[in-house]
Amino acid sequence: MPPKPLSEELIHREHMARFPQRWSTGPVMGKFLKALRDEKRIMANVCPRCGRSQVPPREVCAVCRVAATQFEEVGPAGTLRNFDVVYYASPDPVTGQSREVPYATAYVELDGAKGGATFWHELHETDMTKLRRGLRVRAVFEEDGKRTGAITDIKYFEIIEGEA
Amino acid sequence: MAAESDAFVVEGTFALPYNYFAGRVGSTWLVALRDEQKIYGVRHPQTGKVFVPPRQVDEKDFTDLTGDWVEVGPEGRVTGFTVIRYREPYQPLPVPFGLALIQLDGADTSIVHVVRGEDLGQLSVGRRVRAVFARERKATILDIAHFAPV
Amino acid sequence: MPRKTRPVAIVGVGQTRHSSHREDVNQPELIHEAVRRAIDDAGVSLDDIDAVVTGNMEMFEGTHQPDMWQVLGNGAWGKPCLRVSTGGTTGATVFGAADNLVASGLHDVVLAIGFEKQQEGHTTGGITAMADPLWARHLQTGALTGMAALEVIDEFGHERARRAAMRYRVIMDQHAAKNPNAHRRFNLSFDMIDDLMQKSPPLVGELRLIHMCSQSDGAGAMIFASAERAAAINRRPPVWVQDHVTVHREETLSLSGVPTYDAHGKLETTTQRRAAEILFARNGIARPSEEIDVFEMYDPSAWWGLSWIRDFLLLEGDEHLQMVERGDIAIEGRFPINPSGGVTATNPIGATALLRPLEAALQIRGDAGAHQVPRTVRKALASGFGGTLWTVLMLLSKEKPDA
Amino acid sequence: MPPRVAICAVAQSKYVRDRWQDRVQGMCWEVVQHVVRATGVDLAGEDVGAVVSNSDDFFDCRTISDSAITDVVGAHFKCEEKVAQDGAQAVYYGYANVASGSSDVVLVAGHSKESQVGDRNLITHAAFDPFYTRPVGLDYLAAAALQADAFLRRFGITDADLARLVCQQRAKAARNPLANERTPLSPADVAASPMLADPLREAYVYPPSDGAVAMILASEDRARHLTDKPVWITGLGSSIDSFFLGDRDLSESASLRQAAGRAYRMANIGQPRTAFDVCELSDPYAHQLPLWAWQLGLTEDPRQWLSGDLARFNPSGGSLAGTPQVVSGLARTAEAVLQLRNEAGERQIPGAKRALAHGTTGPAGQQHCVVVLET
């Protein structure tokens, strides 16, 4: 019997991997998300040793290796420190679906935040050429009754016109 | 201070798309299931051992195994089994179904496949089974729809 | 000097030809190609390998505990097999783990493997999944960001910065053209810089498609041995692991351009600069750009590559831009960077940070072929990048380190 | 010569089915704080040379799962390396990190929240290759059932034998305040437990578990400063078997015999049957305790072993009482250390001097890691 030739046709199989998730907020992130939902307030936590803010708050200060226990309100306005204008459509692992482009994300130093902490969120602006570091921006909240205790309770940040 | 009462659980999803490639060795085997309704193994040129599923090399000595394809089965014997009674979205049959290690005639290793067609209580080691091919075949291992007792 | 229980040599290396598509092989088969080449390069048999360290990022292929399946091709059957995984730095962590396993006396000969088959998943989606699901996953776009570009542009001006980044990219492509294993080879030339600056499609901000690393299928393998075993194997000259330093940083992707401060109110440095400071101090290197002969840098984009020259070589001001503008970083230049073409050319992510010291080892051996730098390479530097701007920095030497 | 390496402190969270009130960060921070306090190391200073973390991207459904815990393990501007297998492999690598001279002190920290995905079979199904083994519906539970079938049949071990074992082990778990499942079980309870995949009943399978484990490893010089009761790692062995279940004889485990042989050689153990005062084995499925004990050389006859005195085997209740798969070997090591430090409370084996800890990764125990510990 002649040797069996290897296949020229190459088989592939497409697959959408999908896993249900139950994400715990923990007390620290929970307090932050509930403040967004119930009070439309952005709460940072503060390191008791070095005094820097973390927003969103995290369990410990990574620099000092101590629990960051105190909370302080920051924002809702702040200064645009850096930003990305995204033209490349990629899948959102929360849905598996491709995102719509372009969109902008922003690192905002919220008023009252200490130690250079910035907060990452979406920036809503149709004229991308307006974007530059140092612009004043503010958080726009989802309306009452529609907030769910999620980061998207802040719909986006927008440029405050007329402020340097 | 944040307290346990501040914590809550968010339900969500994690989802990403994939596209897997069987490779040339795997494709050879899968295409044969689809087009020939035949099951092949690969024979080790020195030891003569026949491996199913096929693989490019013997993991123990790195000998190339892709040169000598031999037909195995379609009958074989059950070398181990379980009856799956819990339900998962990825299972190929409704539960309960038999999941068995099957050593195909001519092979030295067993493959795992599903068994149906009789009272699952009668499933036993040594039982002769035969591959039942699917009518619609797509070059997957489920082109063998299941194994049935001979 | 780094403290080390015993010296460790690299006695064999192997890699696949890297490509955007390898439909002809499955995951273990792709790995096998690199492993087989490393074993042949060292002139050893599978039985000579005492242990295996492997790594990749499983979300790229969607295979849980992939080392279980990979045993079909990776040579680990019947041996200790450690899998480490740290994102982009994975290959460098594999390198460090293999070095530690041999130095510890646990094993005499260790095979280190890095691998990725990006074609099987969505690279950017897979990286995005590193972001926290509660506050960042909806924002991240894999490793794509224009902020590194924005910072260089702000510091050095729009025209000079963009030109330097594109010049860097062209040099990398010219290197890749000499490397038969490189994935992307576009035959770019300096007279195309203006055109590329205008026409390469923007991904994020001023980060354009041409600046960004590739998505590759590929694997790399290296064989590490104790001095005694290296002397016995001896098919090719041994390359010695002088040292390696890993510097991670906190969970947030602080790409913000806003300086953050440590507990003492001191301005925080980058992981690149911190790793370089530690490595050079520990190894008595006072003038890195003069004492090191070649650098294989994990440059995920031309912008990061350009920017990190300054950090890794502990430079100030615009010295790094000048190096690029003068062509110092070219193969025949004063301080060659990525003679292999680097990561903008070739990026099978779990292998990428292993391919850097692998290529550095080839340079020390003089075995790099057409992309060999035209000088005796005594010390070679290699870096890994991953996570939230993490760095692993590795130093390889031609001479056996002092005990 | 490499330095001797000691485990200087261990901490485990209480293992639970649903740690809903914490992110993995909070869970991990709790155990890290505990070992930091116990040893007095300065997490913010230069004491800890490296962190070896232990977690799994799939179970966390997070690429680079260790990037989530960099902060809480104190790895900001430090070395952190993740072992993405069973936690015993993290102990193995942590030892190498110290013995190589790289670090004097290593923090090992592992975490897993199986509650996050709810159904862990979805995760372990993805460990099978996409063409030969996934389409037929394999997952680690089905693989364990095929293994149980082979092993029980080979030795004539019955459902009643397993039921008795599970009741005995649950009684031990009841004495372990950290155990996930502590409710006593009767043979009647077991008989009423639903069959999931013959011959494995629900009671023979570990419950979904959340938990974290941390430990501090140090070189001999440093260990003396960190603890009065160092526990020495004297033997390590690891090995991996074939992937395809049909390539293996599932009634035994070649890789466990290899791993054990390597660990015993390193520790100079000639008679494993009598060498250990305590054995903590990773037994997520009930049949694996006698199977592993046999392949570790702790008994010549697993059937006879079942009717013997099992006090020294998994006094914690073992993995069957509920430790997450990923950190199971780390948890077993921590339990063995507690025994050797005489800190195991109600589950203490008096006078324990030498212990064996074991971890396993992959379908039906494809890979094994054995750790020998001594006072």
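Residue numbering begins at 1 within each chain, and the chains themselves are lettered A, B, C and D in the order written.
Definition applied: a contact is a pair of C-beta atoms (placed from the backbone, for glycine too) under 8 Å apart; a residue touches a chain by one contact, two chains touch by 3 or more.
The structure displayed is predicted, hence computed values, not measured ones.
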Subject >> Pair sharing more residue contacts (C-beta pairs) when A-D is set against A-B >> reply: A-B
Subject >> Intercentroid distance (Cα basis), chain D paired with chain A, Å >> reply: 36
Subject >> Inter-chain centre distance, chain A versus chain B - centres from mean C-alpha coordinates, in Å >> reply: 43
Subject >> Length of the line joining the C-alpha centres of chain C and chain D, rounded to whole Å >> reply: 33
Subject >> Whole-Å separation of chain centres (CA-atom averages), chain A against chain C >> reply: 29
**OP:** Hunt down the residues of chain B that sit against at least two other chains at once, touch-wise.
**Re:** 4, 7, 9-10, 12, 14, 16-26, 30, 59, 140
Original post:
Residues of chain C that touch two or more other chains: which are they?
Top reply: 23-24, 26, 59, 62, 71-72, 77-78, 122, 125-126, 128-129, 133-134, 249-251, 263, 268
Subject >> Residues within chain D bordering two or more other chains >> reply: 20-22, 44, 61, 70-71, 76, 119, 122-123, 125-126, 130-131, 242, 244
**OP:** Report the topology of the inter-chain touch graph, choosing from line, ring, star, complete and other.
**Re:** complete
Original post:
Given the complex with chain D, which residues does chain B contribute to the contact?
Top reply: 4, 7, 9, 14, 20, 22, 26, 30, 51-53, 59, 79-86, 88-93, 99, 101-103, 109-114, 125, 140-142
**OP:** Name, in rising order, each residue of chain A that touches chain C in their complex.
**Re:** 10, 12, 15, 17, 21, 23, 25, 29, 33, 49-50, 52, 54, 56, 58, 62-64, 81-88, 90-94, 105, 107, 109, 115-118, 120-122, 133, 150-152
Original post:
Which positions of chain D touch chain B when the two form their complex?
Top reply: 20-22, 61, 119, 121-122, 125, 130-139, 141-142, 145-146, 148-150, 153, 194-200, 242, 244-247, 250
Subject >> Residues on chain D engaged by chain C in the complex (per definition of touch) >> reply: 1-3, 44, 50, 56-58, 61-64, 66-71, 75-85, 89, 92-93, 95-102, 123-131, 236-244, 254-255, 258-259, 262, 361-363, 366-367, 369
Subject >> Parts of chain B lying in touch with chain C, wherever the complex brings them together >> reply: 10, 12, 14, 16-26, 55-57, 59-62
